[in-house]
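You will see two complexes here that share subunit A, one where it goes with subunit B and one where it goes with subunit C.
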Partner chain A sequence: MGRYAIRRLLQLVPVVLGTTFIINYMVWQLPGDPFAGRCGQRPCPDSYVTAMREQFGLDQPILVQYWSFLKNLLTGNLGTDFNGVSVATQLGDAWPITIRLALMAVLFEAIIGIGAGVLSGLKRGGFLDNVVTISTLFLLSLPIFVTGYLLQWILGVQFHVIEPTVTDEATIPELIVPALVLASLNMAFTARLTRTSIVENLRADYVRTAVAKGLTNRRVVGIHLLRNSLIPVLTFLGTEVGSLMSGAIITEGIFNIHGIGGLLWRAINGQDYTIVVPVATLLVLVYLLSNLLVDLLYGVLDPRIRYE
Partner chain B sequence: MRVTKGAKIATGTALLALGVAACGGGGGSSSGGGDNPRAATGTVYIRGCEPQTGFVPGNINETCGGTINEFVYSRLVKYNSDTAAPELDQAESIETTDNKVWTIKLKPGLKWTDGTPVTAKNYVDAWNYTAYSPNAQLGSFWFGDIVGFDKVNTADPDGPDGPKEAPKPETDKLEGLEVVDDLTFKVTLTAPVAVFRTKLGYTSFAALPDAFFKDPKGFAQKPVTNGPFKFVQWDHNSQIIVEANPDYPGPEKPKVKKIVYKMYKDDNAAYADLVSNNLDFTELIPPSALAGDKWKTDLGDRAIDGQQGVIQTITFPLYDKEFGGNADFRKAVSYAIDRKTITDKIFNKGRVPINGWVSPIVEGFKDGACGDLCTYNPAKAKEYLAKAKSEGYTPPAEFPIWSNADGTHKEWIEATVNSINQAFGADAGVKFVHKDMPTFAELRDTITQHKIKGAFRTGWQMDYPHIENFLNPLYKTGASSNDGLYSNKELDKKLHEADTATDPAQANALYQQAEAMLQQDMPAIPLWSYGLQAGTSKWVTGVKVTPFGVLDPLSIAIKEA
Partner chain C sequence: MTEVLSEQVGRGSHSGALLEVDDLHVEFRTRAGVAKAVNGVTYSVDAGETLAVLGESGSGKSVTAQTIMGILDMPPGKITGGEIRFRGVDLLKLPEDQRRRVRGEGISMVFQDALSALNPVFPVGWQIAEMFRMHRGTSRAEAKKKAVELMDRVRIPAAKDRVNDFPHQFSGGMRQRIMIAMAIALDPEILIADEPTTALDVTVQAQIMGLLAELQRDSNMGLILITHDLGVVADVADKIAVMYGGRIVENAPVHDLYKNPAHPYSKGLLESIPRVDHKGQELYAIKGLPPNLLEMPTGCAFHPRCPYRRDNCVTDVPPLYTISGTRGSACHYWREVIDEGEH
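Coming up: the complex of A and B.
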């Protein structure tokens, strides 16, 4: 397992290099001058455009730019964005909030989604199963921004149960409703995925054997059935961590959470590659690491899977 | 049974989650008691956004920073929030006999927030710094009227794209600026400029303290200022805090102790906070609330309906044979746009059709400069289209009107092209369509490189409230924002005459004549003027909005009890 993990970690290096180069190249290829839109209806003074291009190395060929990007990345010097504000500080402010939000959302997905899935799977066709099927159908049909605005309006504006927006500190209690909103869609996915998997495995030979051995219901479900049924769910949740971090733009906007999504959105609109590239690089890393973690967890859940 | 127990745990978790949310969020809004939570701290919360540049007046040209910058720095002149008329602020007098040599005297006893006095030298130093091209300040061109500008600000011979570099300027001091004594300085312009006094209220003409020149970069993040508010703190992407300046000598003092500009990414979020009284002011009511005047029911007497100095136009690329059209074609298009219906239906009367090229709220505005050309008249539209064709212009089968997809322009442009197509009829041989470029930057880039294939939306937000600001930068030959490359020698002559007139009333009359001359060629089609929809919380009172469409922070006061 250790050697496997190291090999996987080494594989990350070319993947990160490749993706960052592609991202750099794509940002470079974007049409329009990032400084042309900065002066409204008036063209920006030439001296300003020249000075900015020089400062950010936009007058250099792309390979030179990529090289200095790598150098800066390795030395941890991310420089400033086009507004002259330190990129590292901005990332340092936004990441913890986004991570908190994403982890809470994944937690909700896992607890509520798997819980509901197991319950409905075990009682297939029963009342609870129908409730879960209908409520997940309902959640799946609602886009996140509808759920978000709806909860904000009802809980925040009408009944004052929560504040409509989150403060700058974004504490855990404040993030509960946004995390639920963020999790809502995939919570339904998780529930359905778990249900199918449970229903399928319930008829498997090993379950019948376990029941015949006279094991308690708890052991059959908890140890034998659940561990085997969780593999597809885990794959789904693993990829979720990454996409929740980059895909929280809508939820972050609705509840005014100052996280990575909003930062990325603003930077893309302003063609500010000084932010886009590091954020994208970090997201790539999050994806790769969470996938690695999922792969390793397979082995824990199912001893038949070995990595050597 | 185990399973049921599991179910209990699951529902229990969900309920717990909501319960904790209730505890966590309930802090500020439990306002049933009638006490005003703002009164204790003297702090109000205003919607803000992340500035693109630091707080150096000569380098600010966008509203996020500008809104705050306006009130942390005082300038020689300020604009009245009600009438938009220029009034003396830091200047005690601004005198001239020929509109060319201006003697400016400062009020005595003015102070920076670090305790140093505001002197004539502060103004001259700041202007020299902004104008000097190696400093790469965004506001440098504002000093182009002053003698010696070409010696401190050199142009790149082949533009920023070319390999050549701009030569180093001969000097870093404008020849036309002269400090007479501590409180007096003299400005000499290359030619008479009638509106120079009004221009002095623009952001770029503020002074900078000595502290700035020691560390320009650090200063931009935490400036020393001289306005009614002083700068306290800037948390990037989250908030900017300013405090009332106790030394501010102006007649109208701030009525609140502290203002927090809270940044929102989404107008809807700010609006939800406004409705639930967590935010005290926003000037951006989202379209979803404007629809059906919902915001007026939501806010009641907290809704503010106003006007601002921004107009919308459609400009033609006159340098392009195919899409530039001829004068009669552009007139036909103008006749074909039903401005009233569009402003009623799309903007819910939030914008007002205009009948000229100038915002109705500025000095020198005269109604009807456009004649009947800006009134919807399908019959005349057809007549002029036929005339345009008989003069030898064949419009392309598909005529795009361009906009940027990252703004909210799709709806009105689609309504506009529909209006034009309907008025022209199916057999017109030209069909207008709406086309988008992904970003504002790309649209502007294409426009300034004169490569755009079609007409395009243009909006003009005034720099200072004067008719001149709507004409010179837009329609003079070679002007900075003359996007369509319009050129008319007679108009240039008339504008020059107006610029150099010594009597302000006469200057205004000449500008009005110049505006009316735009009728002949219709280089741009006037559409409407922007209204202003803003709202306040129930905690504040007296809120006024400036002609620039932002809060006048001197006006906002906290309600007693």
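Coming up: the complex of A and C.
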């Protein structure tokens, strides 16, 4: 397994190089001059534009720019944005908030999604099963921004259960509703996946064996059935961590959360590529690492998987 | 068996055999209709005795066993009548909690396909140890030690090194040994083996049968051996119950049945075994198909395939006629069948 992990890590190198190059290339190829609109109502003087281009290396060929990006990335020097504010500081402020939001979302997905899935799978065709099936379908068919604005309006504006927007501190109680919104799609999918998996395994021979061993119903379900049924579910939850981070952009926008999503959103609108590139790179890294982690975890969860 | 269980399931006070299945009826309610899987099965096993239950797929032999164990899927299964007495106590009337204690401690079961019957994600030693931990409250370490002892007892080589291996890391025969180790862990009084050798090579089949016979001798268990293979049971069984269409059609001490079957179906089964001294002859096969459980033939279920059929076979269900003290045949013309000669 150690060798497998190292091989997989080495495989990440070309992937990271490829994706970051594409990000750099795309971003610097976008139409419009990032410095043209920075002087209020008047067009910026040519001397300013030239000076800024030189300062941020925009006059260099793309390969040279990419090389300096890599050098800066490896030395941890992310420089400043176009306004002269340290990029590292901005990332450092925003990152923990997004992590907190995403972790809470994963927690909701796991607890509510798996819980609902197990209950409906065990009593297939029952009342609860129907409730879960209908409500998951409901969640799955609603785009995340609809769910977000709807909850914000109902809970925040109509009933004042929550504040409609989140403060700069983004405390855990404040993030509950946004995390639920962020989790909603995956939560519904997790519930359905768990249900299918439970129903499939419920008739498995080893479950019958567990009953024949004279184990309590609780142990048959809680240990023997669940341990097998959760393998695909946990894999799904793990691979979705990466996309959860990018999904946070919309949720953070709705609830005015100052996380990575908000940062990225403002940077794209301001064409500030010094922020867009590191944030996008970070998201790529999170995605790749969480996938690697899931692959390794899979072997722990299912002993039949061999790493060779 | 623990003291708790002895109190719940009375001991010694009854007069019958250790396990008695009495006029059991089981149905499956499916969308296509009601399938009558078991239609009045009666058999018994005593300590130290081996009963072979013989029959083709759909004859109801496995369903009967699952009903004894209480692992029948209900629904679609439904027990519509009869009793299953273990030490004189009807298991079907026992509350679920007490019924659960009988499983594994009083009666336990070995399944056909050990690969799917063992849990793929837990080490085999853990799965055996679970019996001690859950039924006896044994500590993890102690239970694991007992698991190794059991693996030794069913002759798994290097048991100590393999106790943490997973089921997929064993061969088919070794996996079946692990199933057996798990089943005998708590010294049950009855062991049900449901086609324990069907998924195995012929040489391994003999080893597993030998092991079962030996374990039974050592611990004086009652053994119910379910099979469709007459050859497998000849050496180990004391008595045979032949099932057809959810009924027992012949009941006999094993030698009597082999020597001189009293039911056309058992006779057909015996004749369809390949024999060395009949080399070159065409192999006998029972004509026709097993009965459709949704639409059982009227009268005797075997009549559409029976060479001895008369008019009353189509209308009258034959009772299990007593031939002698321990022999019975559900054929109106059993005298004719038995007279036709020695085998």
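Keep this in mind: the second predicted complex is superposed on the first by the 301 of 308 C-alpha atoms of A that agree within 3 Å, B and C clash if a C-alpha of one lies under 4 Å from a C-alpha of the other, contacts with A are read in each partner's own complex, and residues count from 1 in each chain.
In this text, a contact is a pair of C-beta atoms (placed from the backbone, for glycine too) under 8 Å apart; a residue touches a chain by one contact, two chains touch by 3 or more.
Worth saying up front: this structure is predicted, and the values here are computed from it rather than measured.
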Handout entry: Room on subunit A for both subunit B and subunit C (clash or fit)
Key = fit
Problem - Which superposed partner A:297 touches (first subunit B, second subunit C, both, neither) - result: neither
Handout entry: Comparison of subunit B and subunit C by subunit A residues contacted
Key = B
Practice task
Identify the partner contact of A:93: answer first if only subunit B is touched, second if only subunit C is, both if each is, neither if none is.
Solution key: first
Exercise for the section: Angle at the Cα centre of subunit A spanned by the Cα centres of subunit C and subunit B: state it in steps of 10 degrees. Expected result: 160
Practice task
Based on the superposed arrangement, let me know which partner A:142 touches: subunit B (first), subunit C (second), both, or neither?
Solution key: neither
Practice task
For A:83, select first, second, both or neither according to whether it touches subunit B, subunit C, the two together, or no partner.
Solution key: first
Exercise for the section: Once the structures are superposed on A, label A:212 by its partner contacts, choosing first (subunit B), second (subunit C), both or neither. Expected result: second
Exercise for the section: Quick one: classify A:227 as touching subunit B (first), subunit C (second), both or neither. Expected result: second
Exercise for the section: Between subunit B and subunit C, report the minimum C-alpha distance in the superposition, expressed in whole angstrom. Expected result: 12
Handout entry: subunit B contact footprint on subunit A (complex, rising order)
Key = 31-53, 82-85, 89-90, 93-94, 108, 111-112, 115-116, 118-119, 122-123, 128, 149, 152-153, 155-157, 160-165, 168, 171-174, 176-177, 180, 217-218, 221, 252-256, 258, 262-263, 265-266, 269-271
Completion exercise
The residues of subunit B that touch subunit A in their complex are 1-3, 6-7, 9-10, 13-14, 17-18, 20-30, 50-54, 61-62, 133-138, 140-141, 153, 155-156, 159-160, 165-166, 217, 220, 235-239, 263-266, 268-270, 272-273, 275-276, 278, 406, 437-446, 448, 458-461, 473, 480-481, 483
Completion exercise
Listed in rising order, the residues of subunit A that touch subunit C in the complex are 203-206, 208-216, 219, 224, 227-228, 231, 301-304
Fill in the blank from the handout: Within the complex, subunit A is touched by subunit C residues 69-71, 73, 100-105, 108-109, 111, 113, 116-122, 130-131, 134-135, 166, 168, 182
